[in-house]
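Just below sit the structures, each encoded as structure tokens.
Two complexes follow with chain A in common, the first pairing it with chain B and the second with chain C.
On to the complex of A and B.
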């Protein structure tokens, strides 16, 4: 079964690469430039912020870069597969083209993921690896086996959290006709909150980011674990190990909501 | 002139229909303000402030800076680059060009209309709510008036620059790439997020030679009373010089663009 899926996916990817090569090379180059520039500019802003200051409440520049990169890296890794499908879902539900997903002999979510691929996000992922190594170097982190496994497990958990939030935000389309601005707010506005250590915010925002939209588990708690960092947030220390668990729970929840959404779509007969 | 006013009115009306969307966008803006204010609160000690070359900057001043910068963003932002790209993709550009009104006039009217919508439904509530939450510093009447004049000039500069980037679509068919680059460079050098007085010297020199700081940083410094009489006049003169330069460049590029136009499928 799994092997079958891999074969199927590689077929889809080859078809997708063929459509990209139809574009002018300049467009593809500009895609790379824009995606790298976006990350660089964001980090420049952080650098400018900290140029005259020592750090943001005990977090040094490179520690914040690591925090930022954990967020953008896991986000892009997840968005590479799920962003396009969830963004298009609203349109597909409205004009009924989602019907075609339901009659294929493959899970509709998998099919939506398979039939596209966001190469812009892949560029951010590759650039993210570069930034990771720059950070590890600057912070003199010793990459032991144990530490690397923690890193991998946390990134995996973070990818699950991002995917779950995107699937949930996308599934709103099954209930509401126009949901794109809500989608935008959850995916962009709330996510940028965690580009900085969350203890700079008040209690309410910290609780929101830990329990309602668990972005704090994407980068804040993992960063504290990986940097072995004491900090003054309102949460118990145990939370720094929570990311894999939170990832699995949110994904389970998101998939359940997605299933309900599809059932609702079928029964409305549209 | 009446035609342009009508165009602005139509754009205004077509954008007030999505009420729930506006509400959610408003919330998104407030989150962005909250992030900025939280960062400054973490960086600057509330009682001592931060010493720079321009004198002491207090936390209250930085909060005001953030609010004014958000307000200016809401006034100047336009979607011209995307709009022109759309017009060229769909071929609408052909009919726009034979209309008895100028193409730039058409775009100005539309973005003015949309700006008014944004001022009423986003700027006013965002500034009201955030000044209630975080507090905003008041300015003298003279400084406030000068601030408004400079924001209007800044809007003209922003409009002209984005218009120039929009025109690249005549050659390149897509222009959002250039639009995104323009936006990113502007975000840094305009001082919209980090004021130029915190910049390293080399970068503040670069900012000095670019027009972007005249859109955000300069008007806000005037509002906060950070610059004196002669400097204010010099800033306004610089704004006018940039407007003149951009108008000339725009005229030249426009005359070449119309002969270069590629309409897809046309």
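On to the complex of A and C.
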């Protein structure tokens, strides 16, 4: 089963590569260049901003960069697969082309993921890896086996949380015809809150980020675990191990909503 | 593989929008819904290997039914079994055994060559290399694919694309084929090719076919049986001859004579059901089972010089329209 999916996905990738080499190589190259430039500018701005403050509360400059990068990296990794499908979903539900996802012998969510490829997010992912190593170096982190596994598991958990939120936001399309503003406003703007240690916020925001939209588990708690850091948020210390669990729960919930959405799907046309 | 449908109902809820700014505001607080029964208690049974025309006017519920059969839509109530499976709950299992073609919507990948789309389908349906080659051979023979096989879908003409779509729908040798207006917008030659292809596939592999169409030759050439629905209900279920005999016996004779217009009274006395005169031509409606065009023409020829004439058989739309009329009447009659 898994092997079959790998073969199928590689076939989709081949088709994708053939498409870009045959019709729009220049377009893609331009797109990559723009993406690289944009990411560099964004990083520089953040870098300069953080550098001026030399860290926030008890967090040093590179600790904040690590915190920041845990968020951006896991987001990009998740967006590479989920962003386009969820962005397309609204249109596909509205014009009924989602039909074609339901008459093929693969899971519709997987199919949506397979049939696109987001080179833009891939670039941010690559940058993310570079920044991680820069941070580990600057913070003199000894990358033991145990520590590396914790890192991987937490990134995976964070990817699940981001994916779950995107899937939930995208699934609104099955209930409401116009959902993109909600998508943008309510959910994505909260993400920027976690670019800083959450203890700088009031109790309400901290609770929101831990329990309602669990972005705190994307970077704040994992960063504390990975940096072995005491801190003064309102939550028990045990929370720093919570990311994988929260990731799985969020994903389970999002997938259940997605499936309910499919049952509600009304197609269109006569 | 057979299909069983029992008491199938599909209700759509549509938000009702109230007028004006106040209306829009109250919509935000409390939304009212209109319920529309697109499919209203439909039952039928289709045997393996049958070719069934599923007919009705626009908005009758044809596509909604097909989409429920394919597992795209979840029924509001009632049951569907396709070869023993429930399409919307056992969807993935069901998709392996069905082929779907919606005339207005492409199942192929737009940017890549047909061959690459077929490769994707091959991996998706786990078709072995040997089977894949064999199928391509069959397609080549029946509908000829090689001229378009390496072209990207986006540059194909509609006719070429439909050939590719047909093959894509049949690549995994489905037991049931759902076709929603497969010949819409095609020229006569391509239509005929597609019909032949469907017919051959049905005869050679015993594929069950359910098709919706507004095209009379499609039905005459392909369907051993027709199910007609209107407003979500089954109006007729039987073979085509029965349908035509019962509702399609009214022909139209259109005649033009040299010296003005013939006398309508005389035509009505001769057995015409209706005479309409427009410009220089007279449209004479008569029952084919009781009268014939030769009778009218020889009678007219005694008094006038005939310039031109044509005989129109009723098309399926008209047969169906007539069917509703008579069904509504019998509704009234049975109530009285």
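Definition applied: the second predicted complex is superposed on the first by the 230 of 270 C-alpha atoms of A that agree within 3 Å, B and C clash if a C-alpha of one lies under 4 Å from a C-alpha of the other, contacts with A are read in each partner's own complex, and residues count from 1 in each chain.
Following the convention adopted for this analysis, a residue touches a chain if its C-beta (ideal position, glycine included) is under 8 Å from a C-beta of that chain, and two chains touch if they have at least 3 such contacts.
Just so it is clear, the model here is predicted, and its values are computed rather than measured.
Of the two partner chains placed around the shared chain by superposition, chain B is the only one that A:196 touches, whereas chain C remains out of contact.
Of the two partner chains placed by superposition, only chain B is touched by A:44; chain C is not. By the touch criterion defined above, A:94 lies against neither chain B nor chain C after alignment on the C-alpha atoms of chain A. In the superposition on chain A, A:259 contacts neither chain B nor chain C. Looking at the complex, you find that chain B touches chain A at residues 18, 20-21, 24-25, 27-28, 31-32, 34-35, 38-39, 41-43, 50, 52, 172, 174, 177, 180-181, 184-185, 187-188, 193-194, 198-200, 203.
Those residues of chain C lying in contact with chain A across their complex are 12, 58-59, 62-63, 67, 70-74, 88, 91-92, 95-96, 98, 100, 102, 104-105, 107, 109, 111-113, 116, 119-120, 123-126, 152. Interface of chain A with chain B (complex): residues 26-27, 30-31, 33-34, 37-38, 41, 44-45, 48-49, 51-53, 56-57, 178, 180-182, 184-185, 188-190, 192-193, 195-196, 200-201, 205.
Looking at the complex, you find that chain A touches chain C at residues 4, 7-8, 11-12, 14-15, 18-19, 22-23, 96-97, 99-100, 102-107, 115, 263-267, 269-270.
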